[in-house]
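Got some structures for you, see below.
Note that chain A is present in both complexes that follow, paired respectively with chain B and with chain C.
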Partner chain A sequence: MMDSFKEWYEGRHQYAREWKKRTGKKVLGYFCTYVPEEILIAADVLPVRILGSHEPQDVTEPHIFGMFCPFCRDCLAQGLQGRYEYLDGIMISQSCLHIRQAYTSWKLHVPVEFSYYLPMPHHLQSRRALPYLTGELEAFKKAVEEWTGTTITEEGLNRGIEVMNRSRRLTRALYELRRRPDPPVTGLESMRVVAASQMVDKREYNEALQETIDRLPERAGRDGSRVRLMMLGSENDDVAFVGMVESLGAIFVIDDHCTGSRYFWNEVLTDRKPMESIAARYVDRVPCPTKDWPERKRIEHIRQLAKDWNVQGAIVVQQKFCDPHEIDIPAIIKALKQDGVPAQVLEIDVTVPVGQFKTRIEAFLEILKQEDLF
Partner chain B sequence: MATEYWRWPESRWTSPEIDWKAGRIVTAGIDVGSVSSQAVVMVDGALFCYGSLRTGSNSPESAQRAMDFALAETGLVLADIHYIVGTGYGRVNISFAQRALTEIACHARGANFMYGPTVKTILDMGGQDCKAIRCDAKGKVTNFLMNDKCAAGTGRGMEVFADLLSVPIADMGRMSFEVEAEPEPVSSTCVVFAKSEAVGLLRKGWPKEKVLAAYSSAMAHRVVELLQRIQVEEDFAVTGGIAKNEGVVKRIEKELKIKALEPKFDTQIAGALGGALFAKALVEKDRGLR
Partner chain C sequence: MKPTYKTEPLRCWAKAKEIRQDYYKNYALAHEKGGLRWAGGAWSFDAIPAGLGDDVYPLTGEPYAAAIAWDKEFALQCHEAVEKAGYARDLCSYMRNYWGSIILNKYVFGGEFPKPDFIWQDHICCSHAKWYQVVRDLEGKDIPMYCLDVSVGPYEELTDNRLEYVVGQMHDGIAWLEKVTGRRFDDEKLIRAVSNHCRSTALWAEVCALNKAIPAPLDEKTMYSLYVLGTLQKSSGIVADFTEELRDEVKDRVARGIAAVPNERCRVMSDTQPPWAFLKIFRYLEQYGCVSVGSLYTFGLIGQWEVKADGTWGARTTPEQQGIVIRDRDQALRILADWELKKPEWQHFYSPQAKSEMMIRIAKEWTLDGVLLHYNRGCEGLSLGIAENRLAMIKAGYPVIVFEGNMGDEREFDEIQTLKRIDAFMESLGFEKDSR
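And now, the complex of A and B:
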């Protein structure tokens, strides 16, 4: 019953090409989950997240620094290799320098008819962040209107909010099921669901997920107990890695990363005018570490998730050279340790050293399993 | 044939005191590492025999050779062993092992046997990686750190330097102290970069002792960083092949300002030893003895 999400995830390009053919509308590739998809949906544009393919490549070397993160290089490689040739537009909202380099290089070397840099503020804890972002979103709306030749009405924005919120609610309902002692979905399946939600028309996704959630509770339980893990990180859709960990007697039950819960956790509250409501959602959502200061709000959120999902151990997946995430690691480990949740840090690249990581994960699980070998 | 300076002595040992036929539980641990393989056989929890040799290109075959080597002249055959635990990089390819456990768990358990229950921090300096392990009084791992996919600060790196400097690997530790003053460490511990840096130093006229000192201290510094991240709690012990290299161990001790426990056993057998001890616990569980 999880097959459609796997097909979408693996056939993302084919899906987008067919969607375009079927609807005659535009497709926009985006680089960061701070992009307000509500506005794009209001203009009948399909937003698709640009993700890497986790394959070695040699095309980005002239365009991006070697000490920039593997994710931004992997994303740019997709563009340079022509895998997103169907895109009509690309955009980024300011998150970090590395992924912005991928965006600007893409813009230069793989020209498309529309490109947009949304200056998403960093200092979200300032009370001036909301009016600032609201203004920026208005400007973005105008740019989209000019590009698509449509007018984005208030009804359109409300429709965008509704579609996005339903998608968020449903994905969160899927995550709720993982709180059970015997989760009906694995971490690998859940990861494909979330990643698929960043690639396909949300309306189609919502229907498929609703149907899945209706049937999931009856899904047969799995054999034996598994060690309940949490995955923390930046972008991480390395399904091979997740599959490897789950083949060793563990199951990921919750996560905080942007191809996971951080993407969909918060809804737009519709207590203000649509544009301000949308802006408020992106200001108040579970933050990315680039925007999580001076107070580190994410850590309390992570602790709560660990508690609510009854997590036994955490795996911190650190993209090599991603400083904003790396700087938080000691604080995260310390906080989780206080709550009795041990953590293991793995530094990942475009491809991962599976053998060595397997040893580390196995050793970590040996600690957590408390098997009586003594 | 050119002298193989990197070649470390393979070894085997049998206890003169143990009559295995009188034993109730005979277990073994096999550690197929990236560079060396060991087999350890224990009788009722006492060390009976072991063999340690170089890992070949084929891990099942290396496991078999290590086992045959350990059992040679003991009269014991594979079928007499009640339970075998495999560990190390090749652990999943050992057909005659009943269970695979990680070398991290096995090294901690083995070090606990070798050095006693006071050991709290173990540094395993293996052929291709380094692990800093914290454990409790039973030898159960509480935390660990491993270096990232690189041969710096490992046995393989030392082998490369043995060949480069034409110094037998067993003499490297002693020789690295034959310097008037301790030189600056080489700036990179990456084996490839360190090697080219060393070639430059030799060309500059540095004696090989001085180059060795510079490399050994760079290697020590690298693992000290790993140890500091996990926070060393005494007692501290070193296992693995590099534990036999005083040039590295003494420099680690100096930088940490902590003495490592003196080994009473061959430090390379720690992983296999831990495997054999886990095997014993598993047999006891099977027989309802625990």
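And now, the complex of A and C:
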């Protein structure tokens, strides 16, 4: 039932090459989930998120100082190793400094015909962010039009919005099923679904996910006695780690990270002109910590998720050297503690020390089970 | 070896120290004078709160944290206090020094840590707004906070939409300042502060440009103690006037052939903030007759530059020099935003190439023999793209030495290894230590 998502996730490059051959259209690699895919879909461009491969590598050291996060270096490694040779363009929507370096070094050393830096605002809580981003999206649309030689119409934008919104609704419906005491889908399966959605044509994804969701309620639950966990952090598509945790009598029922719920949580509300509607979605979405100020809105969202998904414990998966997330960790732990949700912080690299982490997770799960007992 | 050039101390040195001391004292004692304290960053638009009155005193976080770094023992106490509170040790070391000072309730210049009345910050890197979010966690949510986002891309791609976003936030910030302080904003004071801001930053560039001279009238270790005033309060008349006095003195040194390093025979530049507790590495270089004449950091963090008619880098022409008369708030804010967005040590946030081009320019125009790159674990923002800068400098034909360290956390700096690397680098350039 979930095989197609696994195949897409594992065969991402093959998929993109075949899509390109089949459609004759362009493929654009992007570095951050603040990229407005609606506009790219309106131009019939396939947006694919550039992710790492979780393999040790030795090609990025001359380009990115080792104190920057392993994820950004892993992403750049994919480009330097020629694994995304099918890309016609790359872009980034401004987020953290780390991933920005993957983009700038890629641009320098892996030539593509189109590159774009979208200066996504950070001060999202300012009333100035929406008109500013709307203007920037108009400029981006123009650049895409020039690149692809197409005109992006209002109808096209509406189509892009509808495709993206359907994808968001369906993925959220999948997550809703995980609220059940016996979730019919594991955290590992869900992670592959969301990651696949960032790699394939959303229309195909939507059809596959619709079919899956229609059939999932009949699927047997994944054993309701398992400890219900949430996963928090920045980017994390470490399926080996998730699989390991879930092999220990736990199940991830919800998450807040950008290869998870943060990617699809909010829809575009079509109550104004298409471009402004798109901009509003990215301004109002669950924020990345680097944009979550002066008030921390994300923590309230996390608390609500923990409550609604009946979470027993949280695993904070900290990408090594990721300052914005690191800064928020003490505040997150404090907030979750107030709600009776213990948290375990694990610092991850491109590869994780499975043995050590296994011991720590086992200890954490024991603590959680004891709390149930007493 | 006999010194080649004459040298003498800077006459204005004591005044620079006095201005800095007064700055920290004024902040601490602001309430005793009925004034206000604000905390923020060295990149904050300090000309704006100046519109609240002459008794509104800032404490900029980065230079304050650098002052802590210089005090190794206290810095270590700060780091340990922060780690005990649950924060990671690989976070920005300025931020950790600052937080530690709050947690320990100890002002590095004596007494308890003076709590700000409001926070006025700029978000330039991933940590800048978050820094003061944590300050509120530690000192109380009742401290009002305003933070401006300036991340609108490189100056050469500045559009009306981008400028408008920054200026709009400035206008909102003024309304916010009036609300949280209960004071009426004085546009005349703002206009004067913007004028001072442009003046002091252009004058600092003039000072740095004078260092093209051989021998260099200033060495970088000395420059750190001078440029810092611009990181404290570049919009103050005191800083602008001092920088003018400094410019005149340095001009005089050039005319008289006064060297910072009398045995100068090798010229280099550094990059990013230095490991503040180990500025002696610059003195060590002097044993080889090597002077660090500056860096993009010392030149371009505060200094404002432009390409002159002859193609070389010189101080940016101020609005006043262009004959522009600032008449109202909106015009003042637009000038201020445009001025700051052109800061050289900002362009590299978008492109390592932009920084490499500026570094190569410095290497050519300041007649350098090599480059010392500080791979600074303490600052993500200024270390951004540094590895690409290394490749570009080598490609341009400039020898490069890399040393790893941390501007604010001495635990990440290996002094012996760094000095050994310097020895090897100097030898590779063909310079020997002076015999004693």
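Keep this in mind: the second predicted complex is superposed on the first by the 367 of 374 C-alpha atoms of A that agree within 3 Å, B and C clash if a C-alpha of one lies under 4 Å from a C-alpha of the other, contacts with A are read in each partner's own complex, and residues count from 1 in each chain.
As a convention for this text, contacts are C-beta pairs under 8 Å (C-beta built on N, C-alpha and C of every residue); 3 or more make two chains touch, one makes a residue touch a chain.
Only a predicted model underlies this, so the values are computations on that prediction, with no experimental measurement involved.
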Chain A: partner with more touched residues, chain B or chain C: C
Which of chain B and chain C A:P353 touches, first, second, both or neither: first
Partner chain in contact with A:H123 - chain B first, chain C second, else both or neither: second
Which of chain B and chain C A:F321 touches, first, second, both or neither: second
First, second, both or neither for A:R192, with chain B first and chain C second: neither
Partner chain(s) touched by A:C96 [first = chain B, second = chain C, both, neither]: second
Partner chain(s) touched by A:E362 [first = chain B, second = chain C, both, neither]: first
Partner chain(s) touched by A:A331 [first = chain B, second = chain C, both, neither]: second
Footprint of chain A on chain B - complex, ascending: 89, 101-105, 109, 129, 138-144, 146, 148-149, 278, 281-282, 285, 290
Chain B-facing residues of chain A, complex: 342, 347, 353, 355-356, 359-360, 362-363, 366-367, 372-374
Residues of chain C that touch chain A when the two form their complex: 85-88, 90-92, 123, 125-127, 129-134, 137, 145-149, 151-153, 159, 161-162, 164-165, 168-169, 172, 349-353, 375, 377, 380-381, 383-388, 390-391
Residues on chain A engaged by chain C in the complex (per definition of touch): 61-65, 67-68, 94, 96-98, 100-101, 104-105, 108, 117, 119, 121-123, 126-129, 131-132, 135-136, 139, 289-290, 293-294, 296, 318, 320-321, 323-324, 326-331, 333
